[in-house]
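Single-structure report; data block below.
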Amino acid sequence: MSQLPLLSILTFTPLIGAILLLFVNKNSHGVLRTIAMAVTVVTFVLSLPLVMGYNAAGTDIGGFQFMEKVPWIAAGPFQMNYHLGVDGISLWLVMLTTFIMPIAILSTYTAVEEKVKEYMICLLLLEVGMIGTFVAIDLFLFYIYWEVMLIPMYFMIGIWGGKNRIYAAVKFFIYTMVGSLLMLVALIVLYFKAGGGDFSILRFWDLQLDPATQIWMFLAFALAFAIKVPMFPLHTWLPDAHTEAPTAGSVILAAVMLKCGTYGYVRFAMPLFPDASAQFTPLIATLSVIGIVYASLVAMVQQDVKKLVAYSSVAHLGFVMLGVYALNTQGVTGGMLQMLNHGVSTGALFLIVGFIYERRHTRQISDFGGLAKQMPIFATIFMIVTFSSIGLPGTNGFVGEFLVLMGAFESSLRWYAIIATTGVILSAVYMLWMFQRVMFGELNNPKNQVLKDLNAREIAIMLPLIFLIFFMGVYPRPFIDSMAPSIERLIKQSKGKQQVAALAAPVVAAPEGAAAPALPEGHVAVPALPEGHVAVPAAAPALPEGHVAVPASHESK
Amino acid sequence: MESIFFLVVAAVAVISSILVVTCKNPINSALSLVMTFFCLATFYVMLDAPFLAATQVIVYAGAIMVLIIFVIMLLNVKAESGKRGAHAKTAGSVIGLFVLFQTVWFLMRGSMTGARGTIDKAQIVSYGHVELIGRELFTTFLLPFEITSLLLLAAIVGAVILAKKKI
Amino acid sequence: MFEYVWLIPLFPLIGVVINGLFGKKIKNETVIGGIAAGAVFGSFLVACGILFQLLSLPGEERHFEKTIFTWISSGNFKADIGFLIDPLSCLMLMVVTGIGFLIHLYSIGYMHGEEGFYRYFTYLNLFTFSMLLLVSGNNMLLMFVGWEGVGLCSYLLIGYYFHKKSAGDAGKKAFVMNRIGDFGFLLGLFTLYWYLGGTHNVWTINFRELASHADLIVPGAITTTVALCFFLGATGKSAQIPLYTWLPDAMEGPTPVSALIHAATMVTAGVYMIARMNFIYIKSPTALLVIACVGAATALFAATIGTAQNDIKRVLAYSTVSQLGYMFLAMGVGAFGAGVFHLMTHAFFKACLFLGSGSVIHAMHHALHHEHSDADPQDMRNMGALKAKMPVTFATFLLATIAIAGIPGFAGFFSKDEILWQAFSNPHHGSANMLLWGAGAVAAGLTAFYMFRLVFMTFFGKTRLSDKAFHHLHESPWVITVPLVCLAFLSVVGGWIGVPKVLGEVLGGMPNYFEHYLEPVFAYSTNYMLHGGHGAEHAHSIAMEWGLMGVSVLIACGGIALAWALYIVAPGFPEKFVSTFPVLHRAVYNKWYIDEIYDFAFVNPCKACGNFLWKGFDVVVVDGIVNGVASVVRGISGLLRHLQTGMVHNYAFSMALGVVVIVGVYLFR
Amino acid sequence: MLAIDNYLILSAIMFAIGTVGVLTKRNAIVIFMCIELMLNAVNLTFIAFSRYLGNLDGQVFVFFVMTVAAAEAAVGLALMIALYKNRESIDVEDVNLMKL
């Protein structure tokens, strides 16, 4: 505790930047941009010690490190703490956020010419919200940051968006708000179930809730996060929001904000309500798989590049959800990696769409064609990013996708995994078709014949992303290794508690203590699990009932 | 004697108040309001609050009303071309009457409660009203008093911003 | 030398980096081409060194693994970046680097003056890198990396002339078809991993570890599933029914690319994979039968299409599909060594044929260019009598054609005959053997026919060019002809390292070096078949083997004779034939309408489905519900809105009224 | 000393008159003056109570009310000037941007 409150510094550096921007003349765009850029770069540099200082093998409370805890609000029975910390799961999401922000800001240098000051302030506030969401341990604090994130994005879409921006912004806002209000209600219920005290997730994790409560509260949390992810029937806000949002907005929305949904599942919905989560696994897996196939098919027929990329996001996040719900090491690791990959690749794709939009002020695929001849550098970068999104081995997309599918295949979700694997084919179809129509063919549109290739700034934007695409594809070990202990813990929480509940109802005394020594030999213990499913060839259809039975035999307290 | 004086001044106050509302020309309204303020200052004296009476005259009649008249002159506001619709007038009057009725009813029913203090006429005479008020302001109500300064500051800034050429 | 195996893929990768990043600045074609070809040549030298070291070891010690670093490690799953050297991978390394080098050399001449010269060589090196990774990776995932990498390069190189829509389409088609195969590959990998891990706690994807646990793989439904899933991957990559349609379209790419990727190396990856995993396939008779049938069917089917094509490269493309069918036939009958042998000889003669056709096209292009003619330089109907003008090309082309036709003494004969014999005599498929042999033999006849048709139409007869254009025809430069000669030489003598036993005995006890060389790789399968395989081996007499050999030679000669009769003796007959059976010809010419059927059955429904889901489901149902809720709220608030008049005094009224009411309630309650 | 009721009823009458003014006048300045009238009526109540309870709190409160009134006058009149500049009128019926 005596060390520097790194996480607070990280969270509030952008806020300080935003306040600083208030005192700058709104017409001196250069100064505004430079300050915003500098602030985000500083934030990124400040976040580097997190990676260096993070000790994956650490045995901290709940696996959280860089913990900060300050009493904040004490209103009668309610105690909210300003409680921050990162573990292997949130660490990389924080890094992703701080990494993407300078890129997003650099991309706005020519894209946004109006209300630059407000735009930059919005971006910086957004960063505050995003970092806060990932580092908050106190659920109340988490909720606040969760909402803080919403507002700047609403304005970014609503003010700097495209033609149909108001519709998109309101849709985005209402969709998200509906979910988060339900989450707030569930949060309060959870608090009372825990019998007062503070809102720390560490405390809530240890709760033993009865199955009926779990189901309702899981539904509330899951809905909030499912909207954010977005999962299949709740995804329609995303294409609209993406198409209307300015480039930086799309980049951040895709790269970071969608991750808040999946992060929510991993951090809250699954470990808090393991029984309910297990019970709904078939549903969520089904929705994920539908999302993958559905979004791919819909992406295939899109005429708007940005919309296509937006739908591809839905498909990619379907993979994430499938992996996370496989609930084994490979699946969850793959899901987490896929979250980062999606942030990098889809972020890059949106930037690319932004580049051509800035040049041609259209995003219709049919308006392009043959750009590869006119813009060779752009073509190369676009191609690399496209293949990363498709998940070609050697690029980042592959590692995540592969682990997700492998994990799902090894778990009870085998049949889902097989269907999801068709996404591998479909993603190639829609991405390549789009790439071909935009970049290949005759350069016969006179407006396209005068296009300029990427300038130094734009190349500078893309280079870090390209580097990451290859780095994460060739050497993903640092990411996987630092996540691993947290992921094991998550699996233990989401699975262990439910097993304890089902098998040894009388021996509730020391569920943590009993499970903890088993962890080092976790690798030996895990193989035992798939075997149970091997026994039943038609595992997937039979499984839901199996899980339904679990909560029934469970006695709380 | 005192009650007769009270009645006279009260009558003047009520009549001038009514004039504030009924006069078509805002200047006349303003002047009537000044009259009302003077009457109120008189009551304050009768209630052994000479300092407030003075403040009333200085701040209200002296500062605020001058400002209002100044604005009326500046904007060259003409007499109202017409009242609002008749029913608006009636409705307003009815609501006013209701307010009056309710207040009076309330007064009839109620009895006076509240923290009784020790300040009586003798004390006011011996210490002086200014000193008593001053002591209260700078001891018990020091913080609110200081905050009022902030309020005034905000008002100044607000007024300056609002009255700027370009908004 | 083994320790330096990582240099083999590294050299081309360096070539990619140099040419990719600085190629545009270098501009000098010789330098760019030199770097690219030199990189591959470096790999070739290292591969040679490894081969010699390997040969110096006794048979059972001929394997080596070199792990560079752990790539992915998650839970019980671990995948290394590591290389495996054994006779099979070493052979593949030799083929890829050797032929790759010749084709790089050839490309310098062929691609001279093309826009994006550096781009071409970057892709070509990248391809070589991926292919080397594929054949030398020590685990399935690394193989998959190469597997996808070559698919990517294939996409890039097919779409090299990206301004042509057909090229872009072909590239996309190739990639997507390959992806369908990859789908199978992944599923196979998952199933195998889960099967071995779940039932025997063997969590590995390393080839040697898998092979050492091969006994754990027992015949059964899961083994068959694994085998068939991997085979699906192979059909995509190696252009077998049903996923073969991309290969003919892939001829949109530059000709050397067709030679390297779509004839010699990449398309044989499927064969390599099955050979690599022979210990799985041998456990599943069902999968073997499927592979044999698909292989035989493809060999026959593609050969029929090949007879009616007029585009010189398309004929070769269908020929490639057909020959790949042979290789799979070999795999399907458990003759893994024979399949790999054919893979190698095919690489020689088919690369030679493609490069030869490239030389022809190159010359035709220049000739037609001089005349400003729009005629297609690849159409055989525009050619004829080129043998006088292009003697080297003609000679090498003819040798390779003889080799592919299966004339005794040439490379193709040995490998093809071995496959046919194995198809006839293998112990796996019982009565289906006759059928498999029959299909193979007919396909061999057809192959001889269409290949000689190609030769006769191109090099013999009278020219169909104008005099001026014909005058401008000339032989290609040395960078083009030298590789041709090398490859032709290999096509002639390459078969002698794998002389069949019966023939070898006649020739004074000449051993089958090739089979012997690959023995360690397939040892497990051979043993398995001998001990408790599927029934005892049928006894086949040597006379039978001689007889079948004679039949296949006769069939080949018959095909050649037919071609000679139809295209030299009676050149008018084909037209007459076409007009007699127009429907048949149209069907064959249009490739049996397979593309159209696929479009109708898969592509269009997918698009329609996507459109429906988007416009029907997304917009109408989901958004309809959302917007419906919104409109209801809006409707209600529209009613309530009338209360808000927007006039300040009305609000004042409401306020006063409110106060009165509240106070009233308080007072009079 | 007079009974407190006298003051209170007087104050009530003045307050009601002020209310009527606010509700019936159109001229923003006059409305503003009526509000001042209402404030003063309340002030009278405060002082009366203060006196009769022998407690100075009410008088201090009056002091604050005056401050608020002064601040209000400054801002309110500035608003009116701004309004007049934009609309050439200070009639509240002309302030109708929010009108349906």
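We just call them A, B, C and D in the order they show up, numbering each chain from 1.
In the analysis below, a contact is a pair of C-beta atoms (placed from the backbone, for glycine too) under 8 Å apart; a residue touches a chain by one contact, two chains touch by 3 or more.
Remember, it's a predicted structure, so these values are computed and weren't measured experimentally.
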item	value
Pair of chains joined by more contacts [C-beta pairs], C-D or A-C	A-C
Centre-of-Cα separation between subunit C and subunit A, whole angstrom	38
Chain centre separation in whole Å, for subunit D relative to subunit C (CA means)	91
Subunit B and subunit C: spacing of chain centres that average the CA atoms, whole Å	96
Centre-of-Cα separation between subunit D and subunit A, whole angstrom	56
Touching two or more other chains - residues of subunit C	649, 653, 656
Overlap residues in subunit D, where contacts from two or more other chains coincide	19, 22-23, 26, 93
Residue numbers of subunit B (touch at least two other chains)	84, 88, 91-92, 95, 99
Chains grouped in pairs wherever the two touch, ordered by label	A-C, B-C, B-D, C-D
Subunit C partner contacts - residues on subunit B that touch it in the complex	84, 88, 91-92, 95, 98-99, 102, 105-106, 109
Interfacial residue positions of subunit D with respect to subunit B in the complex	1-2, 4-10, 12-27, 29-30, 32-34, 36-37, 40, 43-44, 47-57, 59-60, 62-64, 66-75, 77-82, 84, 86, 90, 93
Subunit C residues touching subunit A - in the complex, by the definition given at the top	24, 69-77, 141, 144-145, 147-149, 152, 155, 159, 162-165, 167-169, 171-172, 175-176, 179-180, 182-183, 186-187, 189-191, 193-194, 197-199, 201, 203, 606-607, 609-611, 613-614, 617-618, 622-623, 626, 630
Complex interface listing, subunit C residues touching subunit D	641-642, 644-649, 652-653, 656
In the complex, subunit A residues that touch subunit C	171, 174-175, 233, 235-236, 239, 294, 297-302, 328-330, 333-334, 370, 372-373, 376, 387, 392-394, 398-399, 402-403, 405-406, 409-410, 414, 417-418, 421-422, 424-425, 428-429, 432-433, 436, 439-443, 474-477, 480-481, 484, 523, 526-527, 530-531, 533-534
